[in-house]
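Below are two complexes that have chain A in common, paired first with chain B and then with chain C.
The block that comes next holds the complex of A and B.
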């Protein structure tokens, strides 16, 4: 099925649950005696709580308890010295505006909400700074190394090249904003057993965090998270508000549910950190890259450090003997960031892929031709061959589908009335990770197979992918297979992040199926049955209602020998209105080069979703602060613009769909990140091609296009 | 704003109650008395009496008779009281569409509607869309075209999509996109959602 639009393949296995409202997300579990928690948050950005008046709240109808640093609800790890700086309810320090300072628990949501409004705090304010650009430019401000400096060949070789491009690129803070609001239900039982219903990308990670904070055995904690309403990275950790909810349940001896507000989604559950990056590129006049320098500043918080892979791509994506990178993080007085889809690589790719386009323009070369000319055969950073890379084929397919031949190299050439048309391209790349996971398989004489693993599905279709792997290997119809996930009591698996689930858990599913197959073959042989006998007959003949096997699977030596990546090429056609500066994305073609496509339908959706996220990143998304107060001013969906249906044009997705021979038994690599990485640069490059205006600060809003400078 | 007598009475009662409770606070009951009152759930009984008002409505063809605080939204009433959790909370501000239900056949953001504003009205939620195990054509089309990933916005999208067809706003992909733009999908399933709606509207299926 190479290079076809993959449609009409297997439907999502949990589709019926999702379209009928039967899929249960964390907040939807009915527990007897359920209570509701609502957070009180700080109204200053930095300083100390001087007083907290909770009396009125405590007397309000339906209120069960108000917890804060005044009554320090039990959390043994927080009672000790050391540990994290931001120990919720164990510190009177304020690190950011909107920090949770108390939780009000009542018997209804409305009563808890009203009572929370009655809690009054006074503070000792301190000077603060939430302006990342200011912090970067301030020579006095704290700066930390985010990653060891990297150098190959001559440092800053670009400066002496025949053709030089040196530019600065700015990214604002972005907020993940999955549709489901964050929260948790915590149910602490009298014997120190805890059940939590969480919105998490990792049930085992949540279980571990709760065990650490409350110092109870890990087996006392059960974390359930069968359906997750999107994560995009923000549910990769257990946030203080979740710990506060567990504390509250332990304190009152009843289940407590918290679901934060959309406004709170901006302050206390992470964001994509702002970044300022400088790219220096040097090339010979013939278009050979001779030097790449990538220097990046990323935002972090004052109370906890956060780093990500902003400068990774520059080290290996293009053939170049002289490369150096530097990544520095600069703390500001905001909540700590967390990986957001594509994470740092998407941040870095905007800068690098914009600069590559700028260099092609400086050389008067087609940017596609320039990329192909500098496409590496080997990974120069690790000095290893790539396990599998089909970028040239991806360029060919994608360029044909977008109609690249219509593109003119001279910007502003395609004008139709007030609309200017432009074409842009970019590349995305992300490490093809594979971790360690266990899966239990139970093959039953009724013809069904149950697979179990403590992995998650935040939307990509984990269960669907796993079911298809098993179905193919064992020849069992999809509707006879059930893949159970989202429960910490199942065999362990890592959190869903870094595009690794299919590769990691899928490999364990593979191993389980291979093992079950050989057990059936042995049983068949032992009972004088044909080796190709149906497993149902074999089990029945042996009087076995079922057989089960648990396998742990992980990567081997192949990762020492090969450099493994997933790649994507994004082609974008835009129309820019010359009077209003409005950019309309007219057509998108994304090509995925990520090994075998196990589940074509969900894989396509993932690529489509990445492109939609990329449109937001490129054109509209920006979490705006009023630095006088340290507060977000567009902390809602009316003012923080994620793409809506009318913003999105036709999206064509193509897959190279060739197995990676080394990564795992399926030959399949993850694609959640590459769907977005690089996309924003393709838009910026298309806008430049349409208008001749190079926008180096995201998002590309009309004011920037209309600005004359 | 003109309010009915009934509403005025309600707000008077509430104000009286609040006055009474501040009076109680003002005469400063000793803590032990306050604790006793709380233990006897005295505040609860007051609240029951003064804060709740009767409500009759029909949800998914079932009559619902209850007594409810006026500040409870239709969304929270559906989710927390009736446990019809298919209707989702995504913003509580009418900005995302995840809570879309049909009120007397029209699509409404249930987070922007107080439950008590729906006296006598007919509410349909995602749970009421299918006919037993038989999916509504729009539900089937969403599965076929993979019009979702995480599934959280999906019930709202489907309720909106059914209304979009009924309203006759399906004359082109562009028109569908425009009339579906009140429902945000962060996973980005928009083109697939449009595909599903195109199929249902072209199939002439009674939505």
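The block that comes next holds the complex of A and C.
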């Protein structure tokens, strides 16, 4: 990337590329002989394919091939017993409505689309259920433990407390809906060499999956994914449709591109699972929490299990000697869910942080004061100190910025005509991860530094963060540093997920830079140069065009000694219209407590994006099914409401920006998840403060405000 | 994609001649709805007749009427000084619809012709009497949160999606249609239809007709008018309920009044009983509440849209209140 155009050393290194269209996304690679795949999907929800008539499609203009379970295109792993239940094109079973049952490959996208409409299937239909609430309430339905039950102290201690809150909270299915549609280009060459241009959060993960399914050496596969148009978790796995595309390329010996439709984004690439949660809280009248019980049901699929950290937060977030949690997953006849930003923690935080607000109200306490009173010094779950936690300072900063002193504890106190104003607060927390990654650094005599790692950038600004770490350590201007990512042939790094990239890959960048620095110092000493000599001079003196080093970096014993988390506090001010029930978010203040802020601009962007996603989760987003048919009704951008600019007020972002002394050399912790976690509860709590109406089912649409008395 | 023929024409006469030539042809202007319908397999015309070059973009005062050509874009109308001055209700309604990008290409005539956004209508695997007469109505007993509470039939409870049309029915607009023999005029309130037994028909436009312009009589409602749209997000969302309200108030008495609602019926829903009640009365909250109550006389919920039975009268009251308060 050409960094000459940077205006400010904190700018995104790829910003100009993105806004000028120079950034190349997977679908934009025009390979010679490229063909186009379009999926045929099931129109029933459960059962078996009886027949599949592909004749008309095969005869349609431009069609090269139609693949399905009838011709079982070669995928050696699928020919064996075991493995996934839903082996694409190796099963005639239908597990959900919209399941891919065939791929039509043609020489243009339009021809493939038309031909796909000519494929006709007949089915043996079976009874099904896509209604998660119904499955949860049905005593006969299958229920699986999602996580071992947790107990500290007395189980259900809340029930005998002086003040008791027990409430149920409902979250609908949400769909990730990044702007960029999902897909892949697969190019299977002779000799079983495969080049793939993918939309993925992990090039190494995609490479590994393809190697496993097709039983070819991993080094035969090259996966490229330099730019990704948003992921939010849905590109954390290689989906059946991607396997189908590789199968098709292998079968026809030409590159095949598939880009699914917005409708298909709802059915075959995961979703945030629906959840029903019960929170029981007990407290003394003085506001001391004495019991927390968090029981959650999460949606999963019948053909593959999915679990996430819905009940994690209850175990350590508040000082409380009696805590128990239970997490159960309940299968329905839908596509398997996948992590969506904040993942299970965001689901859990809506319930827990709403209940905390309800308890504060029951105690007639300021919810902020109640949280501060029950803020723990140590992690009671792991019985360890926190590595770094500045919650009280974050509360102080945020409350001042939102104007918390204007808030009245009695709901419905701030009324101006038909508009009622309310303030809400919530906390978010996510494990501050650090994995293992390798980075290669090449320091050149022309003054430039090239860093390489097979990590990804789904939007947060990975390259910018890494460049800033290196620039700070080596004193090289950012426009002389190039960070290359999104290619499986680069030194290995984990997938981008769980807010771990900066901590994981950044640490390896750090180690590479430290190593390069000491090599330069050694060379300087050996050539009788001053220890502070510029590396360009040192390299030239030694007749070296460049030096390079590769480092692998991972966490050590510090993770055994400390409990490591990132935190966020969200403050929200809302105005609710009494007659129409419309909730308008009037102001947002999010405070991040996630160690050192390495890249201020992209960090801020992360928090802003999380707040926007949080407004969607709180007020507008819901994937709606007609359970009679098992089909989504609002599967498009007009009817699935992600917030638009007009929904979003001023967003203030603040960071505590103090290094975590233990987590990694930068003292920096991830923040992609905490930007969203807890946000929806802050909105619900603000709505309660404005109106006295407690909405426990998301999203908080105008009809729910009018219906609640 | 199913192949189709694309033709372009530059006059009303030739447009109608082309339309008559082939039964399975359609006009295309902005295409903001038609293209979606073609992509989803709901509509498959064999010929698209592009009428964008037909000179029908005028916005002018002719005698006592404001005349708007059928091909004036939604943005052009909403931004026009004459419209903003004389018919602010129409400008407000237009700006409440769609998004800036859509409004830039969507036309007045096309806006009138847009189809319902009922999810069952767009999913060809679902029953829908509007798309396929006799197949049933998915929304009755299904997801009907967005659906109608007035003038419904057991065949179809879809709603007309436009905002612009709600203002136009309130403003007593007249639609001028051209056909092979000449022109015909129809009042805006009679242009769209209720579903009845023929939900496949959205309006009374005949097979050989083309919308060429609107004529809107000037009025004294400009000062105290308001378009209030209640929706799930602040922009780019269809109305749960919308209200177009315009009043002429002198000495605190309502001398002229127009009220219409969107998001509640298969056609733009004029609130005649409420208007009759308010005419000659004082512009008070009590009278507004009474008018809102009258408006709801024949309303019927279908389950998920029951909230509209409360939201609709509330929105009428709020729209009248805001309209009244404008200085």
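The rule we apply is simple: the second predicted complex is superposed on the first by the 698 of 709 C-alpha atoms of A that agree within 3 Å, B and C clash if a C-alpha of one lies under 4 Å from a C-alpha of the other, contacts with A are read in each partner's own complex, and residues count from 1 in each chain.
Here, contacts are C-beta pairs under 8 Å (C-beta built on N, C-alpha and C of every residue); 3 or more make two chains touch, one makes a residue touch a chain.
Remember, it's a predicted structure, so these values are computed and weren't measured experimentally.
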Given the touch rule stated above, what does A:418 touch, chain B (first), chain C (second), both, or neither? second
Touch test for A:643: chain B only (first), chain C only (second), both, or neither? both
Return first, second, both or neither, reflecting whether A:631 touches chain B, chain C, both chains, or no partner chain. second
Specify the partner with more touching residues on chain A, choosing between chain B and chain C. B
For A:580 in the superposed arrangement: first (chain B), second (chain C), both or neither? second
Which of chain B and chain C A:19 touches, first, second, both or neither: first
Could you look at A:620 and tell me whether it touches chain B, chain C, both or neither (first, second, both, neither)? second
Report for A:11: first if it touches chain B alone, second if chain C alone, otherwise both or neither. first
Quick check on the superposed pair: does A:137 touch chain B, chain C, both, or neither? Answer first, second, both or neither. neither
In the superposed arrangement, which partner chain does A:364 touch: chain B (first), chain C (second), both, or neither? neither
Name the residues of chain A shared by its contacts with chain B and its contacts with chain C. 110, 114, 638, 643-647
Show which residues of chain A lie in contact with chain B when the two form their complex. 11-12, 14-25, 27-28, 30, 59, 61-62, 108-110, 114, 177-181, 227-230, 232, 259, 261-262, 458-461, 601-602, 604-606, 608-613, 636-638, 642-648, 650-651
Touching chain A in the complex: which residues of chain B? 25, 34, 43-44, 46-47, 51, 69, 71-72, 76, 79-80, 83-93, 95-96, 98, 125-127, 129-130, 135, 139-140, 142-144, 146, 148-155, 158, 174, 176-178, 180-194
Using the touch rule from the top, collect the residues of chain C that touch chain A in their complex. 1-3, 41, 99, 117, 119-120, 123, 125-126, 138, 141-143, 145, 228, 230-238, 240, 307, 310-311, 314-315, 317-318
Given the complex with chain C, which residues does chain A contribute to the contact? 43, 110-111, 113-114, 117, 418, 577, 579-582, 584, 619-620, 624, 626, 628-629, 631, 633-634, 638-639, 641, 643-647, 701-703, 706-707
